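Structure incoming, see below.
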Amino acid sequence: MKKNNSLLHETMSGLKKWARVNSPWVLHFNSGSCNGCDIEILATLTPRFDIERLGIKLQASPRQADILLCTGPVTRQARERLLRIYEQMPEPKYVVAIGSCALSGGVFQGCYNVMDGVANVIPVDAYIPGCPPRPEAIIDGLVKLLGSLSSPAPKTQPQISAIEKVFA
Amino acid sequence: MATKREPERFTISIGPQHPALKEPGSFQFTVDGEIVTKAYVRLGYAHRGIEKAAEQRNWIQDLYLLERVCGICSHIHATAYCLAVEQLAHVEAPARAQAIRVLVAELERIHSHFLWIGVSAHEAGFETLFMYSWRDRETVMDLLEGLTGNRVNYSANILGGVKCDINNEQTTAILDGISFLEERARHYFDVLTNDAMFLQRTRGIATMSRTQAEVMGAIGPTARASNVARDVRVESPYAAYKQYPVKMALDTRGDLEARFVVRVNELFESFRIIREILATLPETELAARFPRRVPAGEVVMRVEAPRGELYYFIKSNGSDKPERLKVRTPTICNMTSVIKLAVGHQLADVPMILAGIDPCFSCNDRTVQLKDAGNQASTMLMWEELRLHGIQYYQGLNK
Amino acid sequence: MNGILAFVALLVFPGGLFLLAGGLAYEWVDRKLLALLQNRVGPRWFQPLADTIKLLAKEEIIPDKANKLLFIGLPFIALAGGLTAALYVPMAGIKPAYGFPGDLIVTLYLLSLLTLCMGLAGTNTLDRFSMIGATRTLTQVFSYEAPFLLALLVPAVTAGSWQIGTIATYAQSHWLILVQPVGFVVALIGLMGKLEMPPFDAPEAHTEISAGALTEYSGRGLAFFQLAKAVELIVGLTLVAAIYLGGVSNPLWFLAKTLALLLALAGIQSLLTRLRIDQTVGLWWRYGTILVLLQWLVLILLKRM
Amino acid sequence: MNSEEILTLASGIVQSWDWATEISRPNPKQLDVKVNVLQELVPIVVGLRVKRLGYLSAIVCLDGGPETNDMEVLYHFCPGDAIIALRVHVPRDGGTLPSLCEVVPGAEVFERELREMFGIEITGLHTPDRLYLPDDWPAGVYPMRKDFDPKMLSPRP
């Protein structure tokens, strides 16, 4: 009886994982980027790239999204919105930082009104570098994130200042 | 998402995260039923402080910084900056470089207008047109990539000229590409002016008379759709536009449909200019030598971005950094008009009205910024530490 | 024996499992056709299933201000409405599981439950976008419901019965689309309105009001609403095919006819721009209703003669 | 009209009555008008508008730095390929400017920007709210001034 239960449990959790990997709905938030990344994200929807074939759908409401695609260096004004949107998303949720700005602030690093990257505000699960990344790169990043869902690693804050530790 | 309820009134916020806007910007519309009675705009979600940052970076770094004011019209920002700084430094870019600048600018205009057709169709709920126009847009993206090496943020400009040349293969590719696009543009012109359902959403919507456009200071295609003859390429030709004169596309109706018509007509004009440039590309050097320091002075440079007049003001104090750099992007001028136009329209028309001026919030918000607060300070410290570490290390060795 | 049959009818066929699977399959066909018409590859065959399972396994957030009972209950009612309606239509070409004189009206109202539930769900969540979405949903109900109903009643009067089974049998020997093309067109377009497909998707216009009435729904609630919509798609298609397209006497005919209708729907969806809500209402009352009434007039005159 | 005629017309306008303006021509396409009396700014702009001499391209503020206690505000009008620049000096501390909103509705965004970036008070502004800076920005800190120091801001959360 117990064995049956665990078998059922395994099947169910396998099914859940399968569904999660095959139906990621994404929400796009621009936290002050130059639009370059945003038009490339939009381009992934269009016939040449068509991410719907991977089951990825752009959603409008944070409540219905699984993955937050975040572009831009996160301006002070956008920070609170970003947090709120992140909180509004139901679990399980993932964050993908797209473009150099979202990774580290990029060319805007050090400007007084930016937070230098998404990771300084919310935990990020995948980084897609590029200024802007090509649509292929964005799709590749998303696919890699989905691949990692099958063997989830614990969420950790990225070590941006690793070099600082070396000299500490 | 608090609901603000006043008796009989209802405030809807659009943005900063809103599906209609791929960019942040916050609009508040007070609606009575479905009719908008009040509109308010709050920018600043994309305000990064580029103008301040530009004062802290040197002339060459600024080129790459300013290119990232806006990802859609990056080349025109860099062109305006280069032309302005060249004027300050009394350096003239060679003729071939000027022609290539214009060529890339026109390709960028094609990419931007195709993008805009798609985005507006998307706002109107016409997904098929969005998909088709973006599919065709990939053609011009390929051309730009072949020419400059990047799909967006091309970095074709350097101070004193350009860094990418055109060979025969590229010429053929561009000619092929634009004849395909021209055919497609004709098709879209047909759809945009004949599709009865689409016209319901554009004809007679957000009409702006000529006087209104002038008073509110509308510019670019938005103004030209209201019959205001305002195009920097014609009024004050820069780069190679003297050799390749532009015919202005005008329309008298001033509604959303007219804005579509003007933009598509501009596409045809761009195709013509590109063909002309490719046929008569001057054979000169690609770049002139450029000094590290720029003589003191002030310059105003105006260029025609896909969205309208782009204005740069640069003041130099003779050092290797600008003393003051002001960017005024086209959207900020058109924003005033859009806010006034929205009042009295249906909520359903608002995304279309907003899209009608082809807004670009990253353009708008760039204005100020300072250099580094926390982060840059810490970077510098790290450098300092590194330096000290090195000194101590070698002192230790010497002992 | 009867009891077992009833159970089978409710849980396996034509209700329950079969309907859910069929609904999801038809949803996939719809999305795939639309993608192909837009020059894309489109989703894989199991996409709607994966979406549904994922949503079921997801956290459900209930907004503070919403009535919990309604928030959880409404999706169930919507789905139940769709599933019940299926019992009265000749699903998969098999005779309806149940039937009584006048079940046509009952079915139509069961199908409306989904829209009503969505409207209620929108007003229940007190979000700005849901409120506007709910208002639009309910406004739209009042515009297409009457013409849709009238369009389906024309064949009923022609066949002389208000029972779907009888009409379907009558239709097998009479292709009503030939004599009542207007009624057919209105019924088909009315079905699009019911399913909030483009161009009637103003209630969930992504670019204006986020996800409309369902903006606050995540997880299970959303999954049930989507299932309900998928079920309604297949039931609605069956109904129109059975009544107007010469009946669905066997599974093969059923597939061929409903898929042909779906192709038509996808074509219309890809061709048209979203209508504003006032334009939707105007379209239905100014053209839809008048045309159907003309159809009625013709019918009555013919019957008299 | 070519740029020469435009600029002649414009210099006629800005020197009519007995306005205390000084004009200069830094280059053939540009006319610099130094407006010495603040009250004359709006009438001059009205004069330019009546003759349809361009529209307000931008308002630029140049901060002279803390040593000078002087800021220069430039109003650029661009008719055709000519540029008319109205130059106004205001003190850094407590400087005020009249609003152009009544004459040029598009000036509002630039004036709001002057207000929050440089701390120049604008009289007669319809909506003096923040335009670019975040809601939690400290009052009295003007990022575009030369003496702005990021340390004036609260540390990033």
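For reference, chains read A, B, C and D in written order, and residue numbers begin at 1 within each chain.
Everything that follows uses one rule, which is that a residue touches a chain if its C-beta (ideal position, glycine included) is under 8 Å from a C-beta of that chain, and two chains touch if they have at least 3 such contacts.
Just so we're clear, the structure is a prediction, and the values are computed from it rather than from any experiment.
Per-pair counts of C-beta contacts peak for the chains A-B.
Distance from the chain C centre to the chain D centre is 61 Å, each centre being the mean of its Cα atoms. Chain A and chain C, compared by their mean Cα positions, are separated by 35 Å. Centre-to-centre spacing of chain B and chain C amounts to 44 Å, using the average Cα coordinate of each chain. The multi-chain contact residues of chain B, meaning those touching 2 or more other chains, are 19, 44, 47, 49, 52, 131-132, 135, 365, 368-373.
Touching two or more other chains at once are residues 133-134, 143, 148, 150, 153, 156 of chain D.
Residues of chain A in contact with at least two other chains: 46-47, 60, 75, 77, 112-113. Chains that are in contact with each other form these pairs: A-B, A-C, A-D, B-C, B-D.
Residues of chain D that touch chain A in their complex: 133-137, 143, 148, 150, 153, 156-157. Residues of chain B touching chain D in their complex: 40, 42-44, 47, 49, 51-52, 214-217, 219, 235-237, 298, 300, 302, 309, 311, 313, 315, 323-324, 326, 328, 332-333, 335-336, 340, 365, 367-374, 377. Within the complex formed with chain A, the residues of chain C that make contact are 31, 35, 38-44, 46-47, 49-54, 57-61, 129, 206, 210-211, 214-219, 222.
Taken in their complex, chain C has these residues touching chain B: 37-40, 126-129, 131-132, 198-199, 201-202, 205-210, 270-279. Contacts from chain D toward chain B in the complex involve residues 26, 29-30, 52, 55-58, 60, 62-63, 74, 76, 78, 80-81, 83, 85, 104-106, 108-110, 113, 117, 127, 129-134, 143-144, 148, 150-151, 153, 155-156.
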